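Both of the next two complexes hold chain A, though its partner changes from chain B to chain C.
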Partner chain A sequence: MRVLKLWRLYAWMDLTWILQDPITAVTYFISDLFVNLTLVVGALLLAERFDGIGSWSRDQVVFMLGYAILVRGIVDGIFGFNIAFISRRIGRGQLDHVLIQPQSFWLALLVDGFTPFSGLTATLPGLVLMVLAGQRLSIEVSPGWLGLFGANVLGSLGVILAFSFLWGSLAFWSPRGAEEISSSAMRMIDQLKPFPLDGVAPLLLGGLLTVVPAGFVAWYPVRALLGIAAPLPTGLVTPAAALGFLALTILVYRKGMRHYGYTGSQRYHSMGHRR
Partner chain B sequence: MSTAVKKQWPESQRHRPRPAWLLFARQCRATATMAATGQLGEGPLFLMDYLLRFLRVAVLLALWRIILSGKGEVSGMTLDGVLTYTLISEVFAEPLAGRTEIAWLLFQGDLGGRFLRPMGLVGQLVAETVGRWLVGLVLFSLPLLLLAPLLGVNSAPSSPIALGWFALSLVLAVAVGLAIDLCFGALAVAFHHNVYMVDRVRGGVTAVLSGAMLPLALLPGNLGNLFSFLPFAAMASAPLRIYTGTGPIGPLLVSQLVWAVLLWLLARWLWQVYRQKLAVHGG
Partner chain C sequence: MATPARSATIPWDTAVELSGVWKVFSRVQRAERPSELLRSLVRPRVQEIHALRGIDLRVQKGEIVAYAGPNGAGKSTTVKLLAGLLTPDRGTVRALGMDPVHERRRYVGRIGVVFGQRTELWWDHPVWASFEWKRVVWDVPVERYDRMLDFARSVLGLEEFFNAPARELSLGQKMRAELGLALLHEPEILFLDEPTLGLDVLAKRNVLTFIKDLNREHQVTVMVTSHDMSDLEQLAGRIVMIHQGQIAFDGDFDRLRRGVADRRRLSIETETAGPAPDLPGASLVESSGARHEYVFDATRVKLTTLLEAAASQVNVRDVETHRAPIDDVIADIYEEWTRSGNSQRPSAATQ
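Take a look at the complex of A and B:
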């Protein structure tokens, strides 16, 4: 309940930020829209040129790209202001700003970056691509399919955040050196997510589902949603993987927090960086 | 009364004014060294970027094999040619992207101070950029070239002559890329320092239009032809086509030279116009 109240408050702040300078907001929207599309345009162009990629048809690829953009849009919309890029907050000493808030740390992380209107630049085009491709693919949208879709979107979201936080935790030990490590992790996910990975060598595929789990961001869940693989149990793998990654991340993150409890941030030292 | 005798330095050690070019070369070397060592000074975590890039290359090569396997020659490119194109594009990814630190300097408000240094702004930016490339060259590009046989890719150029022309084309590509970067930097000043927006758009535009991500010949319809006339194609597509022997050397080099001259003139003009605005904003 408190989450919803705080989300409403943050959504209002996000809206007022947009309305106070609509011209700037529009330029941001257009540039973000453009950038989000360029992340997947390579795969889109390849699918158009070769009428699909590998065993995937063009429409299946478009649906997958829509899913990938949608998930990224949700990350941007709920975990904005560098929550998704947590190493920046840790490295810059901004974690203290979260810790002094009169609410639990995890609740603060859940609401602090809630910018649903700013995040529309990715969620809307993602949805449009999915709907257009879904119509051509004649997907039967049943309550069961929607449930599977919701679970997989949450799973993909969890995998992305866990991966970013897992790498980002290094900033507890190396605030300056690892300040941008979440950005590197997210960039790699963004670059590898838009391709269907059927036919990729097992070793490489294993790496893309574990070391850099880009396969769970769009490819694996969409296989289940489009019936390329059996919806069950394939559709449950991404949510399960997300739980596994999140558990590992929480372990590492807590260890980092304990370290942080002893060392604190360099930011406010006389020779601290970014001072 | 002091009996101290003023020390007489030998003739060879007395200060003599150095030629301007030598001073500039030393300034560039020192700046490049600082930029290179600056990356190494924050611990080994920066290596993660390179490890992830290796993974990315492996995925891209695997995807091309899936897409082009059994298709023979497509738009003048064979599977082997595309693999070489992709590998060399990744080996020279940093020079082909032609990105300086100008956007970051604008974002931080540090650019104004750069005008006060005893070295031209362009010289500083280029020297820093080259310094950072050197780290990538040692830690990523050379290992990737050595690993090419293991990845099943022939990294050799189409001919020894093509390698020579590629070197020249790469220099021109860097010149075009840096000029485009400076133009975008000036536009960021023009748009009231909306650096974030301009830089992200620049990254997206160049990645798609330069041919660094996908060979332009493999784009659908006439897009490849259309994009090859844009300046961005001079940044990556031209040198890579020369390397793989899939493009006419002469016209590609001439187009790069023309774009380099035009874009540097444009960059110079834009900075003359907007430098005042930068000063008003405080750097």
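Take a look at the complex of A and C:
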């Protein structure tokens, strides 16, 4: 399958980059690890200090933070080179590089940023936190649970990407003004994702599940995975939401692409689409 | 200008055909006065920029065509249209019998594009890794890959930096690597946008030789833009000049020179140092000691007349004459375009 063939190529390039310049790679790993841990350390300290947050125990919070870091790690590992921060590529006129490749545009977006080894900086710590907390919580890992876990991880991934691409599409119409809008959108999600949202006022909660869907990045899926809410149908809400967000995003993005076809980009900056 | 006739079907030997292509961009004008700021928020002033105004152009397979024009003339817009990166507002763009936008995937597999200011190389990887990347993404058959790589290595001398990271290459090496990369899939058309930008003399010569070899040995159609007219003259048999979105000249370089004026330089060295002789019909450009340099239009003044005039005034020791560099000719054309206003095409350059 072509996706696997291309993933293998990009994975190999990622690995050779790490091996040929280990000092740079180690520096990159350490700094990235700190960035990812910093994103959740506030919630971690709160959970430690108060032995949990709200109705969530400390271990449940740690599991949720592990899940959040894991999902972010997968985003970084599959959608590197500013694919996740798509407004940068659009705003900097770098989509042209994708358009001169003889393959589907969507396939290019799926493979062009595949950096599984660099992405390990967040994936591994996330997994470790989840396993440690999961042991303390005595989670029964059954095939059904694993299926639910996989579907929710994919769902959370879809929600994050959809949100970034939805806002990032603005760069089609305002390349300079919206160049950094995807990173702002991601930052907003990163800041809101580590907190359990139980007890939040319904209106605000609605906003956190639609306007800024940070609730789907960790809180909602983990409720189902930890049995805080009934695994079904709660566990299906995040994947379903992801499909909805992605459909809307594809609609807006395609509109943006059509606009790009007529206006092109009057700017060009080489930074960011190749390491 | 000889306007190519439009046709419903493209002859088999046509590589590129643009018919009545218009491209208009909108640019929001900034408010000049503070009082206009609020109004411009509600109703921004939009300026329409006509990048291309009804371009008709046909390029035959195997041709090398130089595409020239002053800054903002519409060169890059044309290349982007032909690369499938832009959609025309009006008119049709066909290349290799395909619509570059609607048949993008199939089309870009058969063309190569090099933008002088952009790079397809992987910055932190050795050059060979970018070549391997291209092979997989473009799905180039191994036999073709090996053959084209051998050709690129031998003609472009990639060997000396094939294992070096792209970020460590000099500008000339980078361009050689870009060109090698662009032809790995054996494209039928190569679009080169400013491929000699910033290169030193040697690197430039290597690149130009390579493009000529590629055209001769692989019959690749080449469309090249550059600000360096002497590069273009060395490379292409045909030059298409674009001005304010319209084709102002389409022909060979000799015709271009004749269309403006057959500018020549005349150097006269006299036996003794002294004032420069007065040559009617020629303008004195420089005079130093016994050496005097003039420019004249060979279509208006005969060289023999000038020499007779000089011989009647001074003792001539040596004479040298040569054509004005193509850059001077083009500069004259651009100057005339500027003088003749925005809406008119220059009569001298229009054939």
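Just so it is clear, the second predicted complex is superposed on the first by the 267 of 275 C-alpha atoms of A that agree within 3 Å, B and C clash if a C-alpha of one lies under 4 Å from a C-alpha of the other, contacts with A are read in each partner's own complex, and residues count from 1 in each chain.
Operating definition for what follows: a residue touches a chain if its C-beta (ideal position, glycine included) is under 8 Å from a C-beta of that chain, and two chains touch if they have at least 3 such contacts.
Owing to the predicted nature of the structure, the values given are computational and were not obtained by experimental measurement.
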item: Superposed partners chain B and chain C on chain A - clash or fit; value: fit
item: Partner chain(s) touched by A:103 [first = chain B, second = chain C, both, neither]; value: second
item: Residue contacts with chain A in the superposition, chain B compared against chain C; value: B
item: Which superposed partner A:207 touches (first chain B, second chain C, both, neither); value: first
item: First, second, both or neither for A:230, with chain B first and chain C second; value: neither
item: Chain B versus chain C as contact partner of A:54, first or second or both or neither; value: first
item: Touched partner set for A:174, first chain B, second chain C, both or neither; value: first
item: Which of chain B and chain C A:261 touches, first, second, both or neither; value: second
item: First, second, both or neither for A:19, with chain B first and chain C second; value: neither
item: Overlay on chain A, chain C to chain B nearest C-alpha distance, Å; value: 9
item: Touch list for chain B against partner chain A, complex; value: 42-46, 48-49, 52, 55-56, 58-59, 62-63, 66-67, 191, 194, 197-198, 200-201, 203-205, 207-208, 213-214, 218-220, 223
item: Of all residues in chain A, those that touch chain B in their complex; value: 24, 27-28, 31-32, 34-35, 37-39, 41-42, 45-46, 48-50, 53-54, 167, 170, 174, 176-178, 181, 184-185, 188, 191-192, 195, 197-201, 204, 207-208, 211-212
item: In the complex, chain A residues that touch chain C; value: 5-6, 9, 13, 16-17, 21, 96-97, 99-104, 261-264, 266, 268, 270, 274-275
item: Touching residues on chain C, where the partner in the complex is chain A; value: 25-26, 77, 80, 83-87, 89, 101, 104-106, 108-109, 113, 117-125, 129, 132-133, 136-139
